[in-house]
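Below, subunit A partners subunit B and then partners subunit C, in two separate complexes.
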Partner chain A sequence: MNALFPSAALAAGVLGSLGLGFLPRRAPALLRVLAVLSLGSALLLLGRVGEGAALPPLIASDALALAWQSVILLAALPMALWLDSDDARAALFLGSTLGMLLLASASNLLMLFVGLEFMSLPAYLLVVRSRGDEGRRLEAATKYFFAGGVGGALFLLGMALWYAQTRSLGPSALLVTGGAQAGLALMGACALFKIGAVPLHFWLPDAYEASDPEVAGFFSTAMKAAAVLLLMRLCRYAPGAAFAAWLPAVGALTALVGAVMALRQERLARLLAYSSVSHAGLLILGVGAWAARGLPPEGVSALLFYLAAYAFMSNGAFAFLRASGARTRADLAGYARRSPALAAAFAALLFSLAGIPPTGGFFAKLLVLWQSVQSGLLVPAGVAALAALVSLGFYLGLVRALYLEEPAGEGPRPGPGAGLTAALAAGAVLLGLAPWALAGGGL
Partner chain B sequence: MTAPLFALLVNAVAVLLLVGAFANSGKLLGPRSRREGDADMPYETGLPPLSPANERMTVLYWRFAVLFVVFDVDLAFLLPWALGRPALDAVMVWAVTGFVALLSFMLAYFWRKGILECR
Partner chain C sequence: MTPLTLLWVLPAAGALACGAGGLAGRRVARGLALLFATAHLAATALVFSALLKTGGVGFYAESGPTWAYGISYSLAADGLSASLIVLTAFLTFICVVASWELEVGAGYWAAFLALSSALCGVFLARDLFFFYAFWEATLIPMFFIIGLWGSENRRKAAVKFFLFTFAGSVFMLLGILALVTAKHAAGGVWSWDLAVLDSAKSSFPAWAFWGLVAGFAVKIPLAPLHTWLPDAHTEAPAAGSVMLAGVMLKMGVYGLLRVAIPLFPELSWEALPLIGGLAAFSTVYGALCAMAQGDLKRLIAYSSVAHLGFCVLGAFSRSPQGLAGASLQMLNHGITTGALFLLVGFLYERTHKRGLADFGGLAARAPWLTFFFGFSTLASIGLPGLNGFVGEFLALFGAATALPALAIGGAVGVTLAPAYALPAFQAVFWGPEGPGSKSAEVTDLTLREKSILWTLCALMLWIGLRPTPWLAALEPSLRGLAR
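Then we have the complex of A and B:
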């Protein structure tokens, strides 16, 4: 039962935030406190779960699950600080996080699927319940919903093939062939869908642009972490999963296409969405490199560090969009003169996203590329490095707009959250100054 | 190519051919009709139709209908529970009590939010 305590804390948060909806007056502060308490107590309870706690055959808290669950909870924390008086939205957010926790500790295909859908269904509604233009929101949510539905169908089809061959929904200790391999590949495609790998990324920029910046930050960090873990679990589901051999190529392609597409974007949310596609490429490459080395249990520190650093960078960059109110590149022109501190924080986040030392993003990219080279994946690593070079173009272009261009017109109307942006930027930089604090033996 | 994969291929080709035949045989074999004037008009009890069929209309009770479906599906879970447990032990009783309490809580929530009213 121990293994379910963190999830229970989040479930209590879901019910509690709905319960706050019964109050006669709107209570945004109470909702925020409740969400932070719920995530925080889940984190504390996670420390007491202990490796090996299980609820066979559905749940097993191995080291991988515990590490990923803490990253997911930390990545979700900024969104909790942004909640407004919409109690249903708070419940959807906590429910989606609950699904991620279940997905992370699932030891059975059925539980993986339940976790996946538990994570995704509230996500579609979070897009709908954002504040932006209604038509755009509904369009993005519909696209996201149908794309996610196709992903879920792929997973179910793969699950059926796996069951037909192995007569079980659990992992296999033996080599599998034919239908089971095809099943794994289909389920892997679903995971790639959720991560936003090229060519399954088309829903992502729309969804990120139409939702509130903090929701986009939540999607790009916590949900991406959960989807990466899903991919890793599928690689480990049977010895010699054949689809893992494709991951380096998919990852390199994703990194490059994301970076090239981001070059052409004028709207900042869309630009950050493509940048998140590009980062997803490196994560997929990292999973491919891990698989190529035979899935060593201790070899996940590079991915974990990447996800932790990205949680700071991406949440921070989206928080800046909310704090500054900037929507397009033109809004950023000369922003350093309007608000020097906030501009400096955003510049630090951009440097980290671009992977310029000494920031967390630099070590994240370095670790993943280094592991790919060690695994003999020279060409994918080269393409990913090229993508990092291309991405300098738009990240540094934004920094140039911040500092060197002349401000024009009124400028964007600032919103709340400057402090949070600064804190996340500081975290991204600190991770680069002391990467061993998280990466441990991986360096 | 292994035998099951070959069978799958044969099956797929057969499905494509059959569906294609069903979908197009009417056009190929049926009588050619001259489609002009009122021939394309939807048939509505012999009267000329009042408006296009794909017009948007307000369904006042749609939230109510969606909620009904959701609760219906949730309550359907009680049937296998009732049938599959001839001897109810304490765990099962408490589990289903919790489940029903959760449903009641949600019903109260929707009530409070005014979703049960026909607006």
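Then we have the complex of A and C:
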């Protein structure tokens, strides 16, 4: 039962936030406290779940699950601090996080699917319940829903093929062939959908742009972490999963296409969305490199570090959008003169996203590239390095706008959250100054 | 804290202090910058003199803890490192004094000290992880120095500078990763330490060498990878150009001498015709481009391409003379080109012009300016008795022993140097004043400016007449590189 306690804390949070909706007055502060408490207690309970706690045949808390659940909870924390008076939105957010926890500790295909859908269904609604322009929200949510639906269908089809061959929904210790391999590939395609791999990324920029910045931050960090874990689990499902051989190529291509597309964006949310596609490419490359070398533990810690660092960077960058109120590149012109501290925090986040030392983003990229070099994946590593270079182009363009250009007009209207942006930026830099704090332990 | 750690922490602390001091006012930040730059210069000088007492052999600071993946904190200073660190601290100090009257905020001073800290880190680190981290960390302060305090096209130049040099270092990083991986595959040990990697030389893949060389060649820069340089040098503020040309270009040559050549002794010798050929081409091409410039700063920038070509020629010749010449020429170029960039900066501060056609007959109006400019120009083109001659001669001599054809190319470069430097000097200082000449606005150097240049010119003369102590300090660290 232990294994379900963290999820139970989140379920209590879902019910609690719905209950708060019955209060006569809107209480945003109460909602925030409730969400933080429920994420925090889930984290605490996670510490008490011993490795190996299980609920056969559905749930098994292995080391991978525990590590990923902590990253997911941490990555969701900023969004909890942003909640407003919308109680349904709080419930959706906590529900989606609950789905991620289930996905992370699922030990058979059916449970993986349940977790996946539990994570995704509230996510579509989170897009709808954002504050932006209604038409755009609905359009983006519909697109997202259909993409997610196709992904879910692929997963089900894959599961059926797997079952047909192996007569089991659990992992196989033996080599599998034919239908089971095809099943794994289909399920892998579903994971790639969720991560936002090119060419299955088309829904992602719209969804991120139509959502509130904090929701986009949540999608790009917590959900990406869950999807990466799904991909990793599939790679481990049978010895020598054939689809894993394609991952380095897909990852390198995703990194490059994401970076090139981001170059052309004027609107910041869209730019960050493509940047998130590009980062997803590196993560996929990392999974591919890990699989190519027979799933060594260093590969896991590289991916874990990447996701942790990215949780700071991406949440921080989206928090800046909210805190500054900037929507387009032009809004950023000369922003350092309007608000030096906030601009400095964003610049630090951008340098971290670009992977310039001494930041967490640098060490994250370094670890993944290194894994690929060790796996002998020189061409994908070279393409990913090229992508890092291209992406520096637009990150640096933003720094240029912040510092080197003259402010014009009124400037954007600031929102709340400057402190959170600064804290996340500090975290991203500190991870780079002492990366061993995180990457050293388990090795 | 060991003395070597102090060498990069001190300016970093200075940068933070300047940032904090900026809250109390510009003058406080400026005073703090001077204080820290002076203290840093004194500290580097102490380390250097301690080093000379050991006969220039060098010493290791504590090798700090080793972390995951064998990343370790190990610093060392031998003659080559220490001389470049002294150069860094010295030029930073000069830059602070030279910018004393500028109307700039605390960020300016903080950026220079941060740059100095990262540069010292590059020259000290013996662990390739830290080497790379410091290497990239130099880009951020320099980006802001060019972009915030440069001239008209500063924004474009700053972005171009960052992107181009980052492009090079990405390949360098892949090369480093390959080295570390190969060492692990060969011996089962993770290490980024140069001394440890040295034992796995034979197992390194050849492409790692080319990755490293690509990173270093962009930084040096070797033609045709030099295209970022003229813009960055021209648009940077005078002190920024001094640090760029004076120290940052040396990172590339230092990387060749410290990493690429020692780890790939055979391959770097086989690569001599290609890399040496590019270096010889750079000396000629840089000189020809300099000839065509109408802007004094651009002219000096292209002359740097030519001068650094000699350093690479000497380094890859792998003869004792060539290596000594290359490492001495790094110091020479820092001092001489630093002086020239400062002088053009002083002209620009007075007139906001720096074209050859904007001036004429300055010799009559500003005799001190003329004297120092003439002196530095002569040192730069390699007049015997001044520092440039010693370095270029040794480098060419080394190249001649290795592959005579390269020396011929280099010699053409040497003969072209007066052809761009002297006409420029003549046009500005002795030539007739054209219409729209700004010469009337030029006042002669102030006492502060004169003292800077006296110091620099004294060094040019000193190294030119007595190069032996400098060469003796450098020689032990180059011994292992010679064939």
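Please note the rule applied: the second predicted complex is superposed on the first by the 437 of 443 C-alpha atoms of A that agree within 3 Å, B and C clash if a C-alpha of one lies under 4 Å from a C-alpha of the other, contacts with A are read in each partner's own complex, and residues count from 1 in each chain.
In the analysis below, a contact is a pair of C-beta atoms (placed from the backbone, for glycine too) under 8 Å apart; a residue touches a chain by one contact, two chains touch by 3 or more.
Everything quoted here is computed from the prediction, not taken from an experiment.
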Under the superposition described at the top, does placing subunit B and subunit C together on subunit A give a clash or a fit?
fit
Subunit A residues in contact: does subunit B have more, or subunit C?
C
Could you look at A:Y163 and tell me whether it touches subunit B, subunit C, both or neither (first, second, both, neither)?
neither
Based on the superposed arrangement, let me know which partner A:F351 touches: subunit B (first), subunit C (second), both, or neither?
second
Just to be sure I read the superposition right, which of the two partners does A:L366 touch: subunit B = first, subunit C = second, or both, or neither?
second
Based on the superposed arrangement, let me know which partner A:Y403 touches: subunit B (first), subunit C (second), both, or neither?
second
Once the shared chain is lined up, is A:A385 touching subunit B (first), subunit C (second), both, or neither of them?
second
Vertex subunit A, arms to subunit B and subunit C (CA centres, degrees, nearest 10)
150
Touch test for A:W246: subunit B only (first), subunit C only (second), both, or neither?
neither
Would you give the minimum C-alpha distance from subunit B to subunit C, in Å, for the three-chain superposition?
41
Just to be sure I follow: which residues of subunit A are touched by subunit B in one complex and then by subunit C in the other one?
none
Spell out the residues on subunit A that touch subunit C in their complex, using ranges where they run on.
298, 351, 356-358, 362, 366, 369-370, 373-374, 378, 381-382, 385-386, 388-389, 392-393, 396-397, 399-400, 403-405, 435-436, 439-440, 443
What residues of subunit C sit close enough to touch subunit A in their complex?
67-69, 71, 132-134, 136-137, 139-140, 143-144, 147-148, 154-155, 158-159, 162-163, 166-167, 170-171, 173-174, 177-178, 180-181, 184, 207
Please output the residues of subunit B touching subunit A within their complex, sorted ascending.
2, 4-5, 102, 105-106, 108-109, 112-113
Over in the complex, which subunit A residues touch subunit B? Could you list them?
15, 18, 21-22, 178-179
